[in-house]
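Everything on this sheet refers to the single structure shown next.
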């Protein structure tokens, strides 16, 4: 290209050169819409199969153009994190920035290559659409702007969690997981898209988005406030919760779900115990004495109910048979997962609200149910599942065959037993992992070497234990043998020699029902001087006494309760593992439920009498 | 400017009148107005009247998340939206200490220079129309449209691309994109001589533009003129070279200047800049394939993004001049303050008001287009 | 560029200004914090002695907790390629300050803008009247105390769409989730 | 065109004095009307007023590449000669006043097209204090074109639709402005204040076109009349007050 | 408790017993099997504590239903014609018979032992009815055995599921 000499501006005729264009083909495009580019940002498409109704698109929309519509026909499953909702777009607001697509956790939302929509005043409702895969006018335009790896704004990776190396942790009961440092906690918390699927999935409906947001805003005391709205066992849940929230987390669909549990733990660890106690104490309204409540069992359910009721001005007394509180979280969960001092902190907060706990007090032995009924306005049974189930295979009555629950309790209580040189554990759940890893630590400490084998009926992918538990157990040296059904505990001259197992072809039938099939020819013997059965737990309901047992209604061996947690006796409520099966967060939810029910019941009684 | 043979006549008082030049006037650029006092057809007083396009951007940006604002910023200047995206992103990156990957920086330069070409072509079209040369307006608009086609392939949008985000860009280029850019540059190079015939070297245009809206160097400096308008007064200043951002310091390009300071000089500077932009783009096309890597640094979740406390005053050279944002963060998820300093804040208001005085009414439009004033940028 | 202006080192100018706190933010960016009454003098020195000819902009920031406005004067030296941002704070009580229009012509636009948007009056500024907000009767909109969303909610209604698909869903018991 | 300030006196209302006869629906009339609509649909002038950012797609639309002249559409610089008022996106309150003034100056039949999201429900400036949110609260709108902003092809489609609508005689929303003037005026007053008025005597025109309907007059037109009356008393203007309004005011 | 009560499938390791019985005999055995079970569970109801009682009652009702099915079958004229025919004795017969005579349960049975016992019974009965269904000629008799085998299988699965829930308590 040349520069023009503007001193000589050229002939007046020069512009007429443009007349040469007269004969050329015009640049004019044919009438009608041209095909748009491959990543064009046109009208929305939404794959309803992929969409989970999380509403993240609604949150990122800077124009509030997206509204969630609940659609009754659609399947909804809070446990899996699926809502029967789909986004609807207001094209009177949309600016086609595509942030909704880039932030969609599932990748269901995209923009099509369709861009023409006109309507009259009467048809203006056509500006509000419920996108589906067919497009705005059902014309099946191709996808334009859709999710790509480089445009994805969802952080699919977790912040790494530092924990003790396997060889550092096997000789002691020191806590394995370090917990987040402030930086990684902030980063982890900031992955949250606040969809609230975790809230829906949590049995106790913990508002995780709120405390995660508080952590991310570096306002940890606000996080504590939010946590204590729904969970007084924050240290416990911050460490050993079965985190249904994480299974429902919508980031988990394409990536790793948020470490919600560790974030809770981080908030609790960072804010000192005294400060937490101050924060919680402010929640206690100066209420008049509302009544007297007795609770049997200082486990998660009992403690939660006590917390709720104490905040409402009730005089709460807990009767606990064991020397310390926490129930299964203390006597079932090893210290390396939940340090006792953290549990003590949680209990201290509850007792600081005025809750009295009588330890070493067995109801039925030291105080009768009749007494409790007489002295209190309401009684809550939260006795838990403290009896271990046995396979009852031949040889299982040998003295060296233990129940995992009993053994874990012995470890916590510091009771003596002979540490086996070689141990075999039957069971594939978290309790099996707990006892295996505890025995391994004791072996390392006593014998300087470890030999623990876990046999499970289930195949690896069916195992009930949490994936990280399995992984950590194996790191530490626990040998896990899958698909083995226990056949007998071999005893030679009164001495336990091992466990004979048979190959389990399949555990469940096609309909997912328990229907184990064995290959009787495939027998293997695992040598051991101790066999531990960790297959299940049962409640000990003898304390109720025969009379009360007869009066109460039962269902499938458990106390029958209604959805509020009431038993068939008007003064008696039940909660926790004993009625709902073993799970700490369910127990906490049950504690809230009965506390709430009791309050309402007593309030209506007072109203009636007044 | 009055023609040489113009003889001043004593006008009766009725020859003095006020005129609302705009907002609904074909000669005005955008939705903007000048209230002019005329003596005959010579402007004796001019007062800009803005706010017709006021949307309260600065307020709205305080209500939206850092990431959401990427949808808002390009709309501040409609004909040249890309520098807005980039300057905002640069500011957030400075606040957040984000490292923009090399490839993203080159992609941004590609995007910026394409936008500059589009904006200049559009201005040529507009300027031609104000001097009655509609053929050239048709050409300018159509050729700009070919650039918009490239934007559409690159970012999925013709006019508002929302392509730059803090930390990088949103997408990598589609296949074969650079070849298409190259084709377009070839086309534009072929086209420019035709523009010369019709417009730049047109005696009518030169006569009308020469001496219209003349700025002296001192005036330009003192009135805060920047960009091509400043360079048309012989002052070689360009943010790209003198306060470099992105990878402009790795690129070879000249800063064209003219000395006359009038509408013609400004237009010629733009024409020369078009050539420089083509030169920059050729370098980008040559370099870009060799620069691999991510196009965006890892970003926090946009819904939970607290940008660290601080302030930033990023600057870029838009097609119209110096464009700056003043960003203040208090460490929250939204900006505490965003001040948009567009070049047109000066050009379309105080400079235009001053330059209009003494010109004939029919040249006011030309003056405005030659200053490349962008009303939405003034009104925000 | 006018070569007569000698590039006096910025440090010298700042050294003469008592109470001015300088902070180098990055190459080519300097922040100066200064008392309000000394700021015009600083700008005068910057322009007259250090060659800071170009007032890039004046930004105003509302700090509601402090009951103060922060004014930031961004001035640029074409010769040294340095941008100085001079920060000062003005009490909201007085909401008045001195114009620097006689020093920098561009200040006229920015001061009017700040007057409109924040209600901060600049004495001696030539255009202390409305420009953008001529049809606006509310409070200065950029004040943090003005909630634009609340204003919009009180003033405007939203479109009520009622498409067929929505009617069907509502009939089944669904509908828009608020 | 700042109406309050630069118009110290209200110009007199349009009073044609011609009584409009009721249209006879004769065969010839129908043929002639049909022909008129056919022609009208093929010669549409868009008012050259860039109200908002969507206007940036109009130069491409009217120039060579998308050439709207193929549809008989061309820009027009004056409201009096224009048929279509194309509202290109958001309307700031300041612009809205000008839009209404302009609209009232346009001759019927006239058509309003709202393009972009902003004209429908506020668009991306939904929470801005400075923009109006729903255009049809202030003016009757014939056609909307979705997009932010709509591409020239979409504008093309919208104009095609409008053309069909005109040809089939359905594009009558301009009559609605007269028939429901009180409604539109009410919304305008809500936004601009009770002293809002334009130089056009809309009621007079409505009567002229025989489009005065039940909702043409109401509390808002009364408010307008009161305001004008006040000005008249001050000798600022000379307006013949509407007899209907007088009745309404007495009530 | 004998090892046989453990639920298992497959026939390897078992000696196939050969022999024949008349249909009348088979029906008698089956009816006494169901009858004995019914009485057994009915007696058990009072021996177990309340939490287990519902389970035992359910089991008793189940068996009573089967018994009623045989009563109806016997009254069927079509069966009356075949009743004297000899058919092969199924190999599972001995286990089947065991359950008629040997109610092996501890004195104070808990839910686990009741379930284990019931599972063993269901399994033996299912095998027995399956075999018989393949031996007898087509007709109402075969249909009934098929039906009963299916019933027992379904019931067994139901019990297995419950066993899993109760004993493995959700698998911790």
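Going in written order, the chains are labelled A, B, C, D and E, and every chain counts its residues from 1.
Keep in mind that, in the parts below, a contact is a pair of C-beta atoms (placed from the backbone, for glycine too) under 8 Å apart; a residue touches a chain by one contact, two chains touch by 3 or more.
Just so it is clear, the structure is predicted and the values come from calculations on it, not from any experiment.
**Student:** Which sets of chains still touch one another once chain A is disregarded?
**Tutor:** B, C, D | E
**Student:** Determine the set of chains touching chain D that also touch chain E.
**Tutor:** A
**Student:** Applying the touch definition from the top, give me the chains sitting in contact with each of chain B and chain C.
**Tutor:** A, D
**Student:** Can you identify which chains form the pair with the largest number of contacting C-beta pairs?
**Tutor:** Looking across every pairing, the one with the most contacts is A-B.
**Student:** With chain centres set to the mean of the C-alpha atoms, which chain is at the far end from chain B?
**Tutor:** Between chain B and the rest, the longest centre separation is with E.
**Student:** Computing the C-alpha centre of each chain, which chain sits at the greatest distance from chain D?
**Tutor:** Of all the other chains, the one whose centre lies farthest from chain D is E.
**Student:** Let me have the rounded angstrom distance from the C-alpha centre of chain B over to the C-alpha centre of chain E, please.
**Tutor:** 90
**Student:** Report the inter-centroid distance (CA atoms only) between chain A and chain E in whole Å.
**Tutor:** Spacing between the chain centres: roughly 43 Å.
**Student:** List the centre-to-centre spacing of chain B and chain D in whole Å, with centres computed as mean CA coordinates.
**Tutor:** 33
**Student:** Which integer distance in Å separates the CA centroid of chain A from that of chain C?
**Tutor:** The answer is 48 Å.
**Student:** Which residues does chain C have that touch at least 2 chains other than itself?
**Tutor:** 134-135, 141, 146, 148-149, 159, in rising order.
**Student:** What residues in chain D touch two or more of the other chains?
**Tutor:** 64-65, 94, 120-122, 124, 126-130, 148, 151
**Student:** Which parts of chain A, given as residue numbers and ranges, touch two or more other chains?
**Tutor:** Expected reply: 27, 62-63, 90, 92, 95-96, 124, 127.
**Student:** Hey, which chains are touching each other here?
**Tutor:** Touching chain pairs, listed by label, come out as A-B, A-C, A-D, A-E, B-C, B-D, C-D.
**Student:** Across the complex, what residues on chain C touch chain B?
**Tutor:** Chain C reaches chain B through residues 1-2, 26, 28-29, 31, 53-57, 59-62, 72, 74, 76, 78, 81, 83, 85, 104-106, 108-110, 113, 117, 131-135, 141-142, 144, 146, 148-149.
**Student:** Show me the residue ranges of chain B that touch chain D in the complex, using the header's touch definition.
**Tutor:** 20, 23-26, 30-31, 51-56, 59-60, 63, 71-72, 75, 78-79, 122, 125, 137-139, 141-142, 144-145, 148, 158-160, 376, 379
**Student:** Residue numbers of chain E touching chain A in their complex, please.
**Tutor:** 1, 3, 6-10, 12-13, 49-55, 110-113, 116, 157, 160-172
**Student:** Hey, which residues of chain D end up touching chain C in the complex?
**Tutor:** Going through chain D, the ones touching chain C are 2, 93-94, 97, 120-122, 126-130, 132-134, 137, 190-193.
**Student:** Which part of chain A faces chain B closely enough to touch in the complex?
**Tutor:** Spelled out, the residues of chain A in touch with chain B are 1-4, 6, 9-12, 14-15, 17-18, 27, 36-41, 56, 59-60, 62-63, 95-99, 102-103, 111, 144-145, 148, 150-151, 153-155, 187, 189-194, 213, 216-217.
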